[in-house]
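In the two complexes below, chain A is the common chain; its partner is chain B in one and chain C in the other.
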Partner chain A sequence: MDSARITRRSGARLWLAGFWLALVFIAAVAAPLLAPQDPLAQDLLYERLPPFWMNGSESGYPLGTDSLGRDLLSRLIYGARIAVLVAFTAALSACVLGSALGLIAGYYGGWADRIISRIVDIWMAFPPVLFAILLVAVLGTGLHSVIIAIAVIDWTRFCRVVRAETMVQARMDYIENARIAGFGRWRIMLSEVLPNVLPPIVALLSLEMGIAVIVEAILSFVNLSISTDDPTWGGIIAEGRLSIHQAWWILVFPLVTLFLTVLSFSQFGEGLKSRFDPVLR
Partner chain B sequence: MNARPSCLSISGLTAILPNGSRVLRSVSLDVKPGEVHALVGESGAGKSMIGKALLGVLPPSVRQVEGSIALEGTELETLGAAARRRLIGARTALIPQDPLTALNPSRRIGPQMSDRLTHILGWPAERARNRIREMLAEVHIREPDRVIAAYPHELSGGMRQRVLIAAAFAAEPRLIVADEPTTALDVTVQKQILRLIADLQRQHGTAILFVTHDLGVVAKISQSVTVLYAGMVVERAPTPALFATPQHAYTRALMAATPRYTDPASSLQPVGSAVLAELALEVQNADNEWKRAHG
Partner chain C sequence: MILQKFLLRLITMAVTLFGVAVVVFIVIRVAPGDPIAMMLPPGAGPEDIARLRALYGLDKSLPHQFLIWLGGVVQGDFGTSISLRQDVLSLVLGRLPATLELATVALLIALIIGGPLAVIGARERGTAVEAGIDVAGGAALSIPDFLWGLVLILLFGVLAPIFEISGRVSPSLDLPFSTQFYLVESILRLRFDLTADLLSHMFMPALALALPLAAIITLLLKQSLKEVMDLDYVVLARVKGFSETQVILREALKNAALPTLTLIGVQFTFLIGGTVIVERLFSYEGLGNMAIDAVINRDLPLIQGIVLVFALIFVLINLAVDLSYALLNPRLRHG
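Up next is the complex of A and B:
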């Protein structure tokens, strides 16, 4: 396969994923401007309105309403706020923590590596979802504990990948050359090694944002995230499950939103990775 | 006698592996200022190890247990770690064997080269950039700006090696270790690169420790030679003397194995078993002596 075709294919993927993520991001930032209704306003006359193309729909409620008569689209738009917030803060924390430890383990080797690798092994022995529920139970429900839980659990993904990649780079002659020139370890790690491990980090970061969105949704679903009043995608899915026979759209729309967002994050990461890699570029 | 100290003076250098076996067996050699000193020996003889030891980049599994290395009269052991790094950074450079892995693949050539200068010489970025452009011209790169903006994979092997040669000479080091700088290149490019190194060496008056296993190259480029076998110095002589009157049977065997120095039509002769037996005995004796001295 020639490189032009690879570039074009990853280009289309990158653009489609980027487009959806941009929509989600704009929805999160401009939710009050975009939402047609107040996401919390209940109206029992309007309960379980169907989406716009079906009989019995009301204008102003394009995706219909839930069992309390709240506008579904508005709730999804406001739910994007939580999703984006969690995606960025949790994934970025996991990324920074894991990458830093991975760089140190991979570049220093020896004791530092042994200690860090052992911790990673122990960490990864816990089933992640159980670990998350346990952590939130200890930290108390709420958004901050969801974010902390994701960072605390998932830094190991970054650590493993960055460590392995750093070890490969550390053996390269250009690192030896930098050492001969007299650069210190930190300088070498940050300005020589880091640019070379950045492509996998970026791909993982994007993937991790998707994971953070899912984990938040799961925790909302089991009612361990923020208070149920605030719309979250996981919370809407939980409510939708209860009225699946009367109003399928309450379940389907948030599920599709969640799916597209998570898929876009992972595809965006893959696309960026090949874009970043100077040899593939 | 020359009153100036040697550019590089190594004496009794011994390095061991974790299992206690010696990689370098009490190596001594001297490189005078501005001369090219060739280090010859077959693969695994420890040539690169000597270079790494003096540049302070021995692999973690190899430990220097004895001997001294002096750069222009300054014993490296007498310096603290930071001062040693600074001295090595300022006075030495490496032209590596593989020009592909010796350049950082994800950084552009220009910043990669000028970083060194700003770090080693404390120059402002602008001055370093000018110097880089100057050096690229010196290694006959016609479009310096294109190369400065390029990533390593965009350049050919020969181009990369030119870049590395330019980088090595840029900070005006006193000593350059050239570790088989042409082995990874096409035969046609090899000659040009060799010529380039020789020319720059003469113009800049830089001493070079030239690692090679090619006696043809030794004859062409060096003023003095050290022949190494199994981490042990077999023979050390000015280049003309070595070729005129090789002292050790191993040196003679190496010459016989290099067609250019005998009749080119004659077949290559591997080092004879008698010579190898003699070398094995010498290594054995040296090891016994070392063991006696170290309990």
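Up next is the complex of A and C:
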């Protein structure tokens, strides 16, 4: 395939994914302005209202209501806040922790590498979802536990990639030159190696944000994230799974939202990767 | 030389498992909340608590507790579940077959979907068919099993209720089984009515687990096939007059399969990790579902046992992958 076509395809992918992610971001920031109702307001007269195109819908509740009569659209919009917050903080923490350890393992080699690689092996032997549930149960439910759990579990993804890239870079001439020029190890690692391993890190970071959103949804689903009243996408999904035979829309809307968000994060990452890749470019 | 490598590999495996045991033990012991206090009826006195703590060994120092537990594990004694008050090992072994059967069926589904799609994609390379396979594969790959499970529940459990979406087997059925390997046993006993019921329960969760793996198999195998399609022996087969599909199946496939096989092994561990939440989603009575209950009930011995069993499965699969790679790759075999 010629490179112009690849670039065009990855360009369209970047734009589409970026558009949806921007929507989610705006929803998160401007939730109080955008939400038609109070996401916590229950109204038992309005329980399980269908979405606007079906018989029995009410104006002001465009996507219908859940089994406590809370407006679905408003809960989805407020749920974006948790999703965006978790995506950024948890993925960035995992990224910083994993990249730092990966740089050290790849650049120093020897014992540092052996110890860090062994820890990565041990981490990879845990079923990740079970590990996350276990950590949150131990740390106590709450948003900070969710974020810590994701960072503690997923740093290995960054560590493995950065370690491999660093080992390649560390053998190159410019690093040798920097060493001869008398640069310290940390200075070489941070100002010479790091910028060159940044492209794969950025692509992985976008992917990790999608994973963080899913893990938060899974933890909300098993009721271990933030309190059940606060709107989260996973919480709405759990609620929808329960009333699936009475009101399918409670499951469909958060599912579609989550679907598009995760797909966008991964496509955005893929798009960035092919942008950065000098061979493809 | 190979034996030496193998022994080294076994030692690394043991170190990894020991590391997992240490990490679980530490994580669980820093947990706030007293599991003993939770299992006692109200009105129990401090001496009752002390008696139970001693019974479960919780009155000793942490390193001491760890050594006692590890000594037991080595002898096959994983302790007693606090919430279910049964032997942990028999609980785990009772649920493990359900999870293994689910994971195996999922792997088969992934191969059945992924293999033919890869062959079709390689045959139709450069056409719209291949582009379509690429797009579908990319999407299937980036959506995790949890979301696929929910989509399947909606589509085939509610909108077009074809398959069961809850449990492992219909509760009304009389089960003549003597082991927990229901699916295997139903086939061996020629009770295909039960096999059908089991598969109808298993199909949705297995498909949810299989879709990301099927996408990986499709994309990678197609890539490997395309790489060998222009090599001399493949061209020769084509000159001999074999059709393109025959060329792929007879000549290209066996040489292109190795990288895919290696990757399937690694991805299979991810699939097994995914059973935890997918079993929960479909109320399937496997090990993962029990694990989540154990965490919610703060059942320390049971959590330790389950995590260790999962870790053991993971390292065994990795070992099998390494071994089969060494056996299948001629360069390593003779090297």
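Everything that follows uses one rule, which is that the second predicted complex is superposed on the first by the 276 of 281 C-alpha atoms of A that agree within 3 Å, B and C clash if a C-alpha of one lies under 4 Å from a C-alpha of the other, contacts with A are read in each partner's own complex, and residues count from 1 in each chain.
The criterion applied here is as follows: contacts are C-beta pairs under 8 Å (C-beta built on N, C-alpha and C of every residue); 3 or more make two chains touch, one makes a residue touch a chain.
Since this is a predicted model, take the numbers as computed values, not measurements.
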Q.
Going by the contact rule set out at the top, does A:Met172 touch chain B (first), chain C (second), both, or neither?
A. first
Q.
Just to be sure I read the superposition right, which of the two partners does A:Gly182 touch: chain B = first, chain C = second, or both, or neither?
A. first
Q: Would you check which partner chain A:Glu192 touches, where first means chain B only, second means chain C only, and both and neither mean what they say?
A: first
Q | First, second, both or neither for A:Asp154, with chain B first and chain C second | A | neither
Q.
Contact-wise, after the overlay, does A:Gly109 reach chain B, chain C, both or neither (first, second, both, neither)?
A. first
(Q) Touching residues of chain C toward chain A in the complex: what are they? (A) 12, 15-17, 19-20, 23-24, 27-28, 30-32, 138-139, 141-144, 146-147, 150-151, 153-154, 157-159, 269, 272-277, 280-281, 288, 291-292, 295-296, 298, 303, 306-307, 310-311, 314-315
Q. Can you list the residues on chain A that touch chain C in the complex?
A. 118-119, 121-122, 124-131, 133-135, 137-138, 140, 210-211, 214, 217-218, 221-222, 237, 241, 244-245, 248, 251-252, 255, 258-259, 262-263, 266-267, 270
**Q.** Partner chain B, residues of chain A touching it in the complex
**A.** 109-110, 172-174, 176-177, 179-183, 191-192, 195-196, 198, 278-279
Q: Can you check the complex and tell me which residues of chain B touch chain A?
A: 55-57, 60, 85-86, 88-90, 92-94, 96-98, 101-107, 115-116, 119-120, 151, 153
